[in-house]
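Per-chain residue numbering starts at 1, and chain names A, B and C are given in the order in which the chains are listed.
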Amino acid sequence: MRLRTALMGACATAAMALPALAERGSDGNVNILYSQAVSILNPYLSSGTKDVEVSSLIIEPLAGFDEKGNLFPRLAAEIPTLENGGVSEDLTTITWKLKEGLLWSDGTPVTSADVVFSWQYCTHPEGGCAQAARYEGVQSVEAIDERTVKVTFSAPKPNPYSAFVGSTSPIIQKAQFQDCLGAAAATCTAQNFGPIGTGPFRVTEFKVNDVVQLEANPHYRDPEKPAFATVMVKGGGDAAGAARAVMETGEFDYAWNTQINPELQAQMKAGGKGQFVSAFGTLVERIEMNLTNPSPSLPEGERSTVKHPHPFLTDARVRKALSMAIDRNLLVEVGYGEAGRPTCNLVPAPEIYASDNTDCLTQDIEGAKALLEEAGFTPGPDGIRVNADGVRLSVLYQTSVNPVRQDFQALIKQWWNEIGVEVELKSIDPGVYFGGDPGSPDTFQKFYADVEMYANNFDGTDPEPYLAQYLCDKIPGPENQWQGENINRYCDPAYEALVRELAQTRDIAARAELVKRMNDMLTKESHVVVPLVDRGRLSAHSNTLGGVVLNVWDTELWNVQDWYRIK
Amino acid sequence: MPEAAAARRKLVEVRDLRMHFPIYAGLLRRRVGAVKAVDGVSFDIHEGETLGLVGESGCGKSTCGRALLRLYEPTSGSIRIDGREIATAGFDTLRTLRPIMQMVFQDPQASLNPRMTVGSIIGEPLDEHTRLSRREKQERIHELMDAVGLNRAFANRYPHEFSGGQRQSIGIARALALNPRFIVCDEPIAALDVSIQAQVVNLLEDLQARFGLTYLFISHDLSMVRHIADRVAVMDLGRIAELAPRDALYEAPLHPYSQALLSAVPEPDPNAETRRRRIILTGDVPSPANPPRGCNFSTRCPRVMPVCREVEPAFREVAPGHFTACHLHDPAISQTAGTAAAPEAKSTADTHVQQGA
Amino acid sequence: MFTYTLRRLLLAIPTLLVISLVIFLLVDLAPGSPASQIPLTVPAEVRMRILEAMGANEPIHVRYLLWLKQFFVVEPLVWVDATFGTAFSEGMQRILSWQSRSPVFDVIVERLPQTLTVVGMAYVVGVLIALPIGIYSAYRQYSWFDQIGTFVAMVGFSVPTFFTGLVLILVFAVNLGWFPSIYNTSLRVTDWESFVAQVRQMVLPVAVLALYNASQISRYMRASMLDNLNQDYVRTARAKGLRERVVVLKHVLRNSMIPVVTVIALGIPTIFGGAIITEQVFRVNGLGALLIGAIQASDLPMVQTLTFIFAVLIVIFNLIADVLYGLLDPRIRYD
């Protein structure tokens, strides 16, 4: 017995002495938990983060983003740039070259035809491709030779790294999907549930909204990776349960998006089986000011439209006062803990784009009061400020039903009351609020309230399209079925000029300057957008799982091929 | 008839039988008292005779009948049937004694298992206590059905398919299955239509004659008891107030309670009927959970004496075969206080005596 | 009995059609839209095209009629094809889930086994422990056993399953580490070891649900036994000189089972409905989790189909309960 134990010990030491990344599949199984279960493994048919991320274990784009937001080649041999000639001088074409010897998981070679097909698949007018925005401005995609594709844009594109970049625009296999174009896309269940890919794993079993079983892709380009032979991605439940399964019971190695309250975070850490990892991207919880009048006394079709400016939120001093009254540090402490930090920026990251705007971080109730006085609003008999024209500072403040948001509403209401602003709170079912139904009065786009709160971010690392949302012609209204993105109904020719300039600027430093300038215009100069919290991503992994690097710029599972078991 | 009965052998001997039901109350359901449903009764039933047991509803008749057959566990006392002790018999002994004593229930519908056919209801005791073959059993079931006047063809029907009288016949056939010697009939006709009551009573009498059965016939219908019983016991609140041969009791009841009860019975003779004076009792009917001190009837007795509220009257034989538990008939007491008692009773118990309708 | 059943079945058809329309309207008019699942980063035009591809913006009557056709014509044909190898349904559009773009029925069929094993097992276990407890509690009414049984039943019935589930997880999965807190739906039972693993992972969810089911059914059983124990026919049985066991198990129990059996039958559709909360807590991902997920994602075809199937099951099991009652209780006769 003792001898055997000794022998086994010796074997174990021998195994450990070998290089950690010895062999594909040597580390057995890894269990990943997504509190939202995976519905489909084709990101072109689903915009759900969970679907996109788990698909990224199987199918890959030409290039991805690393944890710092830098581009790195995946299927591409290198990143095309102006310097290496991959991007044309006039910014209208980008030419990608595939790595040599790439194989699909079924053993057939990956060719430029697959890349062209992926573009055709997603841009088919009847396909309802969820990632069509990735291919916006792409005029054509041609195969130059077996390994080279040229993407041509209809207009100069300072940021050409959109199509085929990031987990939302992966390359799918032409041979597998060629009968699934357009309306046929939805009938290709087998394909959508088991795409053939180039990623480190391939699907062995998929149960809708439940579990995905994967095994190492035998044709993965790095013969030593992945270290894990199999992966199980289980779905369902809630964030707290997911965190518990990693931190307390140790049943799972990795749990995605374990967004739980700070108290519970601390309690789970005591379980000692795992650790939380957090990283900050561009997701900002903010209050949006309505510059138009949402008054129910206005006729339907004219409420919250540019026809009727808001009675008092059009005054920048009032907006600023409302922002000043908020204690963002307390909000973070109450709602997010480690997974949030106070911010005054609409674009909090990547670093080069983040403005050094920190004025809003200290709450200033007295300053806010003084500002309102200056704007002509003095406290009435009930303590609510009124101006000479009889305009009362009374706001309707809406958001979606969500425990953290309701906490925020309560706190902010208290601060605003303190400065003499009356606040009525409203919380709307998220399915309705974000549902975009033009017939519903409660969507965030319709904005039948004075201020509203939600979180938004931008895809990838380039804030250009995000900042371009604040154009006058993107204001939601009855003429466009309330589908515009300019929620605040902001309209400033100076800002429009900056948007145009950004679209033509290709120097990164100059772009960064423009972005900061625009960010400041929307936030600290006008307080049209009142950022509150820079919301990070909080995930959990077990102490025995090595190689985890949290990445908020692309899929969280971006480097799963490098994960290994710590023995 | 009474003389003949007295000469016969005693089949059932009951001595000081008590049946107290515990009362539980409160959060922890602790025992807080007892319902003295039967509180010390003694009587004999002779072989082949019918003893009527009468009394107001709730006075403990059914309890007494059930306790006799050990369908309840009696609190104390002794019950001997055919010389064998029932009250304390062990469970297995009791099972072997079951065939000689049976019961016919008041509600024929409720007393028959709704999910069993008539044949299996009647035949079940045979499975349990005999080793008859299937054929023999079938034969016996048919015999019994004939005996109670049921069509043999109905053996596979369920009780609910029969009329009330037929159901009671099924109950009787079932009771007869094991050739019992003693049957407790607990108000066997109370739930039946008047038109059918006579049929069932005739059937019972008929069977008694054929099989030499002994009955304890419980009823609150005094006329029917007069018709069927040889002797009658009058029960009041768990005790027997009076027990006498039928004619003696109906003609000259001794106990004021018996007198009051019988005053309500219409006389068949029209002359007697016009002479009948109905006694309406007033005062509280005591609860069996909390009976009064002394005589149970003292709260309502038109002829109550002070002693009645203090001392429980003894159950004594005042004439041959005529027993009563009343101080009025206790020679020791009635001689000293009897004369003074009557007027006092009038004032305290607020008794009316009025002409019968 | 046969004509009665047939008549009831025929009557059920118009009822179910009306139910299907009502469900459709309710589901459709309920607030929420599949678009709410699309992140805000997706531009408005793309959103519109996604909804178009789903068919989510067709007028309601078109969608209802399409669903009716798919449910009553296409899906049965698909089933016929799968069974007999025919090709009637070729080229026909099946009911597709908006979430997964896959046929709703395939997902339901995939979910059924885990729901039946966990929720069904919990029901069976619940019934199996409820019956003896109910019987003994009634037989020894107000005894210690009965008092404890009453208390446990009250707790089991009134404490919500998400709470009992969480408590069990904290005690048995987190602190003691005896059982997993997450159900592995892809576990295949092939040998002793995997069988043990399957049993272990079923213990907690089955315990939670069985406690809940048992507390309900044991109460019915107890009440029904008490009703019967005081009946005269029980005295008759005793007077017959039957053994106590025979009296209780044959006479009393058989009669007491009549209402209990119907209650059990009526509860069976809830097995198929899954246990929304418990499935969610333990990630059993059966039909209950499927339904709640579909509701959250406003996956109308899925919600509509599932709820309608539940409605059909409820109608069927009501009929079964009635027929069973008729079979068990000779006093009840149909026609």
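Convention: a residue touches a chain if its C-beta (ideal position, glycine included) is under 8 Å from a C-beta of that chain, and two chains touch if they have at least 3 such contacts.
These numbers were taken from a predicted model, which means no experiment stands behind them.
Of all chains shown, the one whose average CA position lies nearest the global CA mean is C. More C-beta pairs touch across the A-C interface than across any other pair of chains.
The distance from the centre of subunit A to the centre of subunit C, each centre being the mean of the chain's C-alpha atoms, comes to 38 Å. Note: centroid distance subunit A to subunit B, computed from Cα atoms, is 89 Å.
Centre-to-centre separation between subunit B and subunit C, using Cα means, comes to 55 Å.
The part of subunit B that touches subunit C in the complex is made up of residues 24, 29, 66, 69, 71, 91, 94-99, 102-103, 105-107, 110-115, 124-125, 128-129, 158, 160, 171, 174-175, 178. For subunit C in complex with subunit B, the touching residues are 142, 147, 231-233, 235-244, 246, 251, 254-255, 258, 328-331.
Across the complex, subunit A is touched by residues 31-54, 93, 96-97, 99-103, 106-107, 110-111, 169, 173-174, 177, 180-182, 184-186, 280-281, 283, 285, 289-290, 293, 296-298 of subunit C. Taken in their complex, subunit A has these residues touching subunit C: 33, 37, 39-40, 45-49, 125-133, 136, 183, 185-187, 189, 192-193, 205, 207-211, 213, 232, 234-238, 241, 244-245, 248-249, 251-252, 271, 429-437, 440, 442, 454, 456-459, 465, 480, 483-485.
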